[in-house]
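The data blocks that follow each hold one structure.
Both of the next two complexes hold subunit A, though its partner changes from subunit B to subunit C.
The block that comes next holds the complex of A and B.
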């Protein structure tokens, strides 16, 4: 096995062009496990940890709102520590990832490229309509995150491309994330749900994880809720949401799922739990919007 | 937060002035190494010129082997040997009770993961790749997967020539068909639990010049390993010299052979040191698991709450090979009513062969499964009677002088009632995260995953109490051997204790030091590495080592002491009868300190070896009666407080408290550690730990999907240790390690039932059991 250690991004892209079958490695929290379990025998490993720009993020102003450009090599612990205010949904999701060691090593870019249906970072990116920046010696392109995932552990990455960054609009309203696992920490998602309120645009974003081959949004639920909020002037006069609205939102979210039975849970439970998560997270996000305060429940990592 | 009531040092048992003796909690000799990560485990073994072994395993739960072609694998550069059943030099069979398991499969494979061939190569990766080139032609057969059907249906194919029943045992007492005012019944199932030790199987074999082999390995029982390994290698036991390597946990999972014969075969064939290490996935196939069980129970009681009868049928799925299945049936049936007095009993137990993964020893052997059932039944009965569940248990609790369903009279303290009262009286949590205005999500069900901020969270409290036999039973000659040497080195008296008793993390090394300090009055006690150059100690299992090896060390120390006092008597002209050892000095009853031990000893080396055998036990007869089937019983009681998210079915165990009688706490800190660890393992079985098997295949052979409790799952404990000494046991000790694993599971499930009202007849309880 060859081990390539490019010192710069352009060298990395060249290396990937010359070795299209090379497996990129950053934190190694997926790749090394697969190597240890003999599930993958790459001919070439492409180590991206020496490329400084991959581990940087920036905040860019746009007329329609600020956008965070997060380098693919930024680990979860920094998403939590440095971007918790700008991207609260992504930060909550990052807190649910593995252990402190995993959060220190594992990166958002790696989470995307692995494209596990259970990737914890995906639903908040879906809910925020993030874009994925892909780069090769041929140039740069960006894709909506929902187009990036093409199947279980499959992505739109070409053989010569690497994930360079993720562009995420800074939160303009409350965001929430919730994950089901049969133990209280360090667990792969049975299902996940992210919600983002966009008061300025009058829209709602959702992200569902571990309930379909790829993460997805619950479009019908988003449209229903946006309609309810607009029609009754709720954005302006944020009274408590009626149970019927919250309940319907939960139903529509659950309906968007296409889960399977596997060792982590049954399809039936996943669908049920997703509806509960949708109702609760909407309740927390809406309370936050109404009260203009942080969400209830002190957030902490395991 | 945790509140620990451990007995303070009370010197009533011994005269001792030396620090770190029996009843104290000196630091264990390997503590600093382990905390620093410097402790060498078996996976760290290394030898000059060594090569690597790997194991080819069956992909089918049941198949006939038509042919094996090792040619392509053998021709791989870097490969030194490829071995099959034809290469087993001696008897190609082993087993702890029934000798029924081939070292390498012959003609048939009986479970998915059965060893078929071995490879030795320069590099572990080369060995793995060569495995893929071994061509095995299988004729796949229909597997036997249901233990209950295997017990009763003639049409089920025989997994072994002698049929599918490993052991059937009934226990009959009184009139099992007696009438009762109230009857409750239930069917309970227990999933397949894994020992989940952190250090996977590893060993190193070095061929000896005498044609024998030196084997370094992590195991629970050196001599039993050696006996089986030597037979398979066609060697005399003396030619297989075993030395214990660092053990990363065991819990029963290292009682059967794994790679012992394999790694020796490769070393003897190649003439090179050979190392084998299983990875985590292979480890799930390389050791036995806890028997899954299906249990049908019927309890009858008077309307006042006195038990009238217990009727039960227990089915244990032993998988492809016998392993400890006979003992599981023995323990499961004899302990099947729990720690209660029941006048009329009929319990039948079946241990069955199937083509599922083999099951054998695991902490709480055979007592874990029925405890979940009988304690669930006691709660059901209390509910039917409108009684408090603790009151019902207290009313029926067994005590000293009463007899078990086998007819054995308990001739030692059995403080079941006291334990129940004590655990009930321990303080309850004062607060609830669900009712806090600003809860930390980690205190709530779902923990770090942010699933509730208090919504749908309901609290429940439940109790469990259990009985477990200590040491080997049913007529086994259970003993251990200790060699103690006392000599002066650099002016200081130093004792050396040598046993084969496996230190598997439980702290036996410390206990041996403590006993020696107390018995000989010397401070410096070294522990010789465990090996087979001393007599057998038996297995570090059945909560037995402090009892039997502690007894052997005590006996050897007393022999050394007697010799030393004789020496003193000769040298100083004092009668030996009035002498004792204390604080490194010889003390006379009449005239006080006579001499320094070092001066008396001079250049003499006193060495004595002693065996300790516990009281005889006897087999069960056909009705399950025996004067003394088991040498001692241990008891613990748990109270669990849980918060359940009834919307999502997620559970947070808020508090888990335990009262346990340990007879005598030789090392109070270690006792508390055993109770905490055992409780965590029982909590794991209650809410998450299950090897998922479908069509004979393990679907979750990893710690990603076989979940064990984290620090957010295991709550603080109130641990309440009492010491009601057993007059028959050394120092009055009572086995400690297993009971807390047993009574914690039913307590947690009872608490979940109290919160949810669900029946919950299976462990582990999953989220879908609660919400559906």
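The block that comes next holds the complex of A and C.
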């Protein structure tokens, strides 16, 4: 086995171009499990942990609103500690990943490139319409996050490409996330749901995880809720939402799921639980909006 | 390959390291540091917790080559020359050690917590130790030990009970 240890991003891209079959490794929380259990023997490991650029994030001003550019090597612990106000949905989701040890190592770029249907970082990125920045010696391209995932553990990455960064619009309203599993820590999601309210645009974003081959949004639910909020002037006069609206939102979110039965749960349970998560997270997010609560990346208790 | 790194403050090298092996394997099998325990090999149990550049990680999930030139702190480095560290003393005093297998990982995780958070709440302690499994299920004593360590500030002071009560 070769172990490549590029010191710079350009060296890493060169290495990937010269060794298209190299397995990139950052936090190792997926790759090392496969190695330890002899499930995979890559001919080459490409260590990305020495590249400073990958471990940085920045906030850039755009006419339509600020966008966070998060380097692919930023670990979950820093997303929680440093981006909880700008990206509360992603920060809440990050807090549900593994344990402190895992969050200190696991990265958003690795979560994307592994493309597990249960990736905890994916639903908030879907709800915020994030873009994924891919780079190779040939150049840079960005893809909407929903186009990045092409199947179970499959992505749009070409053999010579690496994930360089994620571009996420800064939150302009409340964001929430919730996850079902047997305990609060060390859990691969049974299902997850993220919601983002965009009061200025009058729209709603959703992200569903672990209920389909790839993370997805519930477009019908988003349109229903946005329509309901606009028609009844609820953005301007934010009274409590009627049960009928919250219930319908949950139904439409559940309808967007296409889950399977597996060791973690049945399709029927996942669909049911997803509807419950959708109702609860909408309730939390709407309460935050009504109360003008500062969004902090903290979470109500399920 | 030859691996050079700093372990518990001492420059160390290991030879004939296979690129795909874990830092945990290097520590235990090549460098004679068996304090970090090998159990799940998938980051689930926390018994191999070590500091990597002063951040607690699962040594089983760090590729040996990733540790090149880095600074590693293991449970063997917690105690001083003659005395146990604060968390070690608190674990002993409180009776937080049963079979002992999870203890090294818990000590490193707890050491990190009490250094970062001056007076952790019970919820903070639980979250900080969520990645460390004790299959003797001795969690109550472990909680008490961490409260003691967080409250004492110096080794071997007082009983666990009183400082625990102050913090709840």
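Basically, the second predicted complex is superposed on the first by the 292 of 302 C-alpha atoms of A that agree within 3 Å, B and C clash if a C-alpha of one lies under 4 Å from a C-alpha of the other, contacts with A are read in each partner's own complex, and residues count from 1 in each chain.
To be clear about the criterion, a contact is a pair of C-beta atoms (placed from the backbone, for glycine too) under 8 Å apart; a residue touches a chain by one contact, two chains touch by 3 or more.
The model shown is predicted, which means the values in this text are computed figures rather than measured ones.
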| item | value |
| --- | --- |
| Per-residue touch tally on subunit A - higher for subunit B or for subunit C | B |
| Touched partner set for A:273, first subunit B, second subunit C, both or neither | first |
| Which superposed partner A:186 touches (first subunit B, second subunit C, both, neither) | both |
| Touched partner set for A:49, first subunit B, second subunit C, both or neither | second |
| Partner chain in contact with A:37 - subunit B first, subunit C second, else both or neither | both |
| First (subunit B), second (subunit C), both or neither touched by A:104 | second |
| Partner chain in contact with A:29 - subunit B first, subunit C second, else both or neither | second |
| First, second, both or neither for A:265, with subunit B first and subunit C second | first |
| Which superposed partner A:88 touches (first subunit B, second subunit C, both, neither) | neither |
| Partner chain in contact with A:250 - subunit B first, subunit C second, else both or neither | neither |
| Shared contact residues on subunit A - subunit B and subunit C | 36-37, 184-186 |
| Residue ranges of subunit C touching subunit A (in the complex, touch as defined) | 1, 18-20, 22, 41-44, 46, 49, 55-58, 60-63, 65-66, 68, 109, 112, 127-128, 130-132 |
| Residue numbers on subunit A that touch subunit C, as the complex places them | 1-3, 5, 25, 27-29, 31-33, 35-37, 41-42, 45, 47, 49, 98-102, 104-105, 184-186 |
| Subunit A - residues contacting subunit B, complex | 36-38, 92, 95-96, 176-188, 190, 263-266, 268-269, 272-273, 276-277, 280, 283-284, 295-302 |
| Subunit A-touching residues of subunit B, taken from the complex the two chains share | 128, 279-281, 438-442, 444-455, 647-650, 652, 687-688, 692, 699-700, 702, 704-705, 707, 709-713, 766-768, 771-772 |
